[in-house]
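Same chain, two partners: chain A is paired with chain B first, then with chain C.
Right after this comes the complex of A and B.
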């Protein structure tokens, strides 16, 4: 494992994270305020909408097809009953509830108990932290027999962050805590993604693909992660034929899992309407509630006749990068999955800080690239700036009325630029480190001086 | 007669408008005595007299009709023996009669004048016939003019211009293009011909009627103020002190008139006089404030009568008492008893009237305000209110209050329709009875029908079958999120907000005869009478005849205005440009990183590279 001396043991980190969340959940004002923040709860991930869905489901209303809620108690008017039952339940194309049905099923039995719900969220977060710890351990094993990079002064590259630090960075990230307290359901999608990566690193093909399928089922975009996870499964794998075989296996496991999840949902809610409701809302961005993304104001202001065109362009744009990035950075599947998660978190229709907590949690897994980054200071400032000003500008617009929609949109743009610079800079750093690996610095240059570690390089 | 240029007329009118009208000297007590004795002994000199009267009439639909009438008599002529020539001679002395009106009549040779300002429409179906003669919306002006000298045309022009100035209204727009001369519809209101003289054969002296109306003339405070100035006591004392413009114009109907006509003071018309009648008719929607049909003078007018007008010969407040039967809703009139009650009309149209004489009330120098109120025993049978709660443009709550003031539980059905851009959360639905949250909603909500809204295609429908506890206020609350609309979905006046229609409470009530005070009940019965055969056939087929014995009344809540968050409507191009730039920044940079490889830069000179590198490291 790592040679760095760590004062914190995993147990203390997890205990502290657990206690912190439990304590904050006991400030009900804080939790409900966070749950109402548009930066935390999007239409897709809002706990309030989940509660509504569970409530309707519990009362026998098909939550996805715009049915009618019809509560009849035993003794009622005979006449009124006839009138009510005459109302047809017409099934319209409907975007009522954009929640995967299995989430309904998950919360169905426990929703009446806030403590259980809170515990589910806290444990979800802790599980992600634990898996990040495990992933770091596997990665350290891998890098133990990888080629070392000789750095400035002839020193070998120091190992990256240890697992406890990675887990702590995730667990104590303010974004993670806010998202957890706001009870955003993005947590379960994140959990599936991280589990998929973990299983991928453990070379457990079936579970890895199942988890990615689960994440896809929950929020669609993680379908892209099949590629980096397949890359993880095939680390140092043999020839082309083996890879081809595992590709086919992985694809079939993925599709099979996804299919069975859909089937299970169908069994649960007894209709296929959820398909349109959940994925239609994600893909058509029909709910234009503001968030930190770039979509909402764009499509509020977009001229009607161009709306479908830009919708298609924007959605394709998100998926475009999966294959080129995986080809170019195929040696770094962990980084590829980080990059794809960041792209999802930046360019999806309904991003929230929960997405940021995922990619910021995955980033320390590639901690060795940090020293090649050029704009770390700028990125940190952009994130701080936007996360401080977003609630303020939202308040100015929606509550005080002294600002307008442009204020919040501008902050969304700043946040987006921060994410974009983060992606560009980390990609640059990975490529730069890769270059160091491929063409190491000679020990002593021709003129007898020691060479600089930050050689002047150009992109060709 | 004189022919004024228009401009001078307007100017003089404007001056009149602002000039204080010469206030009448204190009326002599002798004139009042004489007036009291008028009925029996005809007096030659018809004295000046001023009468004030307020008639209050509760309507069937719960509104209250108030009619102010101020009448000023001035003896224009002696009897025939003492007739001293032209009527105009009288207009040199003014006591109670307003000089401005007198001068106008004199200058333009006007015999009769009818000027009405009206706002709103008189609902004949609901309110019956008005006490005021003229209730046409807008301004109506008609005058009988003496045409001895063939100056009627010019005088009419002068009259409209002068009245325009006097009442600060656009009466001068009643010009030749809209003035008419009706032949049949209007007759003399006056009781004799001013210019018919005994010694001449001018019984049919040339008189011309001129009539004009301005439908779009808005009536407001600036018209009321000059009108009040015509009164002897202004609005300082007596009934006129109730005239507060804020309340008068906040009514369903408002009409203000000035009528001048010649009248006879005795049966043989030997004593003749000129009568100025000023009226204000308003219909107050008393149920609008709190759903109650109770009213009081101070509530209606926000003013009080603290003294009678000392110049008035009579000063009465008259209340038309609502008809009730022993088994229907009873009312209480206060102060009770009034000074006098009597009945007018025949058996079917009998109308009980209560009279309060303010001169008696204030005969002993007291200055306590005159209180008059009418309270229903069961004034709020069922009423419903609805309002938004919360603040900001992100989310909110909706509350519906249903009051049941019956002494027994009542069934009712509540229907509310909410547009799709309010995203309701049914799991937040809660019921409170008399301010206390209800644990088991099924005690009140017997049945519930909820249809979810579908974005951009249908509204949410909430229908509740209720069992309202006796004497209770049941409050339903539900919270919602406001949807962010595309900029093209906003109306042109986006910041005004969106209207949300009313909710309806339908409640069966035991059928009662002659019931007054329940809105719309009479109409539903009329309707049922007309469709009696239809109803009967339905009753035969239905097994729930008992319920049809009841009238279903519907109580409507307020409509609401919801303001949704608006985007900046001027931004489309900016947003498209900026967003696309940011996305292009990412795409370009990523494309660059993915398609190009690193390569060591060829040092141009070794020194240069070394220097640069070192400075960077250190």
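Right after this comes the complex of A and C.
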């Protein structure tokens, strides 16, 4: 923690975050309202559907048989669970306790206790906060050796935010809190992503790749994070041959972990149905429940014969950015992972505010670029407007009946614009800072004037 | 190659800087003026269009078949109890269902009347009419929707309890109880609520249509009634209970329209329904209240129950023809008379312009807290190109603004909780609780302002000490008030524009109250001026507005507060939460802002 002026200690921040979440979970109306918001719970991340699956699983019905996870059950799962909480232990239970990589398995033993479930969510959030703290520490060590930028006042560039601030910005982000209270399962995918980045920064190849594989297993898109994590593992690494070797190693660890996770799941549920059920839904966007994303409206309007074509275009679009961005910004793997997470959170089929909480949490890790950003005011406003108007327009559409689907989708577009401007602006800021790094300010000449050739180039 | 390319870079830069710092604030005042004028122009004839029936399925039915017979409807009663933080109410609703011969029981219409009229006397005629119409409908074979007759007890809570139970939301908790309904029908498509007090005849009929939280019924509902009242059953129809004499004078016409529109906006902003029809709207049921106006000496032809019966029978025939929910016509409109409406496309721009004015002012202040003023100074002093840096050398101190705003919102939320919670302490009244909240809020303002002043002094003395060896341009960050004002203005824009989607009138009222003070006020080096500004802001704070409303309607302040509280607790209106959790925090932050150190 370099030159921290903050009075808050990590302990106080984490205690406050813990207490706040626990207190908010005790307002039952709030948590259940948030859980029903389409901005928070998508078909993929809804806790309700998870409970449904666990319930079927517990009663010996194959949970992935016949699109169980795509059927919204309006209410009653909690009641049903309470009725069955004392259900007998069966054969599956023993298997789950020892080796349960699946969320289904994770929640199987604790679903009957809301307190344990809530604690699991709170601890997940706190763990992400802690890992962000650690990542900042590693990054500070790195930047201690790096070349310093001399600024236009003569002083050296001040260090970025300290770890406590970064963690606090994640933990007290309203999106994070809402997603946690809504018990969106995106949290576990986020947890795996951040763990992968942390391990990558620590140069622990196996754990890093395992965590990315876990994230991929949970929500597919994080597969593209293998590239920035590999870049992290290789920062300041030697020659081409070394890099080639680590690339091969990383790839094999990743594939091996992914394979074993799939195998474990097969052992757990005794069928490969989950493959189609989970990844099929993510890739083919078969559940068109409205959300903040850009897919649902488009595919509702689509004629069936065009659907496969646009589906492929939309999905490829998400993945196309991974390689060019990683090549262009290879010096900043942390920023690349932020950017890829933002792309995932904006362009995937079922985005939710949980995705926003991840990339907004990763953004302060590159806090040195903040002062180069030009549209921060606009971006903050776009996020504020869309997060207020989305529930309002949903209310007007679904409850009052005076609005319609166009209202809600329009706000989805505004939100998308906010995310895209955020990506553009941060990428500009990184490149601009890179430029400063390459062309340092010249020493002040005798009469006190400074040459301004470098600015003319950029400022046009 | 235009004019711009001939200017030197310094001139261009200067122009831009001047635009942001000087012209943008002025432009925002111009926009406020435009918005004011636009709003005032809305009631004018040329801005509103003549209403028209949009739904083709509605075709006003013919005359009333006045054959009376035994009623023989399925009837039942429902008990309910509702406890608020101040009192407890209970009552009995009576209702009956006419199962239409051609219906499969999936759709229904409602004809309802409260026991007590708006005029606080028994709603005799309306109830008599319901009984009579029950007999008539029973004889009709053409109805394809069931018709439910409801006579509700109490103010609004009676019908609310009935609607809750009808839609399966009945439950028994410590603060409310609704008995389950024993007789039911299908989904309610539309409803008419009758309010005809006394036993005499009437001059005219008023239409009340504003629902809970400013929700409005589909305009076709009002159109249908006015069309029927113009032809089949001639009755003079007006909006609300105000009768306006016909005039050819343009100015008088305009004033009358303006009055009508202001009435509507007042009702909509308060969010309290103007009659029991407002409760149906919460359940996606289009409904209006018909009110009998009896004004002595009014020239229009008087009408009796017979004509009224034929009007309502025709209305039900029309509604009976509906194939689906009313959806063709407008849900967002302003009415300046029964025949004239202003659609959303015309009335939204002033609010948006108001929002833009806030935003421009905020952007200008955002520029003021950047390097822009320094650049302009440099250009002015040596006429050279000021170096446009890729970033601002002055940093923005967001700490004070963020803390103040967070605390203000917490204080607002706390006062809301305080007001709506019953602590069981003897002698607790809403007014006392409000005073406690005022105490908390003033503590907040005091602590924020005093700590900012202390910090300012410390920084100043540090700077004087450091001033001896420092040279060149001083890069002190922009004053705290600039950053705080930027945030307050941006949040105000956010509140006014987003709220306008939910409740246009409330958004406009809030916008008009705060726009000038929030934009124009800034800390002054004259303590008196700052104090005066703070006093004005206190006057437009929720307690101040409450006192103003109390003196305007010559009521006790406690009564005003109780009315707002009752709206929230009985009907679930959003006026109290909006005021406490959104408006008050902004107001508090603005008060803190004008009391901050000047620079």
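Keep this in mind: the second predicted complex is superposed on the first by the 411 of 460 C-alpha atoms of A that agree within 3 Å, B and C clash if a C-alpha of one lies under 4 Å from a C-alpha of the other, contacts with A are read in each partner's own complex, and residues count from 1 in each chain.
Basically, a residue touches a chain if its C-beta (ideal position, glycine included) is under 8 Å from a C-beta of that chain, and two chains touch if they have at least 3 such contacts.
Note that the structure is predicted; figures quoted are calculated from it, not measured.
S.K.: If you stack the two complexes on chain A, which partner ends up touching A:325: first (chain B), second (chain C), both, or neither?
M.R.: Only chain B is touched by A:325; chain C is not.
S.K.: Mind working out whether A:134 is in touch with chain B, chain C, both or neither, as first, second, both or neither?
M.R.: After superposing on A, A:134 lies clear of both chain B and chain C.
S.K.: Check the residue A:204 against both partner chains and state whether it touches chain B (first), chain C (second), both, or neither.
M.R.: Neither partner.
S.K.: Classify the contacts of A:388 with the two partner chains as first (chain B alone), second (chain C alone), both, or neither.
M.R.: second
S.K.: For A:432, is the partner it touches chain B (first), chain C (second), both, or none of the two (neither)?
M.R.: both
S.K.: According to the stated criteria, A:243 is in contact with first (chain B), second (chain C), both, or neither; which is it?
M.R.: neither
S.K.: Looking at A:372, would you say it contacts chain B, chain C, both, or neither? Reply first, second, both or neither.
M.R.: second
S.K.: Per the overlay, which chain contacts more chain A residues, chain B or chain C?
M.R.: B
S.K.: Which chain A residues come up in both lists, the one for chain B and the one for chain C?
M.R.: 152, 399, 401, 432, 452, 455, 458-459
S.K.: In their shared complex, at which residues does chain C touch chain A?
M.R.: Counting only chain C, the residues touching chain A are 215-216, 281, 284, 325, 327, 331-332, 359, 362-363, 366, 385, 387-393, 395, 475, 490, 494, 497-498, 501-502.
S.K.: Which bits of chain A are touching chain B when the two form their complex?
M.R.: Touching chain B: residues 36, 38, 48, 51-52, 54-56, 61, 66-73, 75-81, 84, 87, 92-96, 152, 286-290, 294, 296-304, 314, 317, 321, 324-325, 328, 346-347, 397-399, 401, 404-406, 409, 413, 416-417, 420, 423-424, 427-428, 431-432, 434-435, 439, 447, 449, 452-460 of chain A.
S.K.: So in the complex, which bits of chain A are touching chain C?
M.R.: By the definition above, chain A touches chain C via 151-153, 371-372, 377, 381, 384-385, 388-389, 392-393, 395-396, 399-402, 432, 436, 450, 452, 455, 458-459.
S.K.: So in the complex, which bits of chain B are touching chain A?
M.R.: Counting only chain B, the residues touching chain A are 391-395, 413, 425-427, 442, 445-455, 457-458, 463, 465, 481, 483-488, 542, 544, 547, 565-568, 571-572, 575-576, 578-579, 582-583, 585-587, 589-590, 592-594, 596-601, 603, 606, 609-610, 612-614, 616-617.
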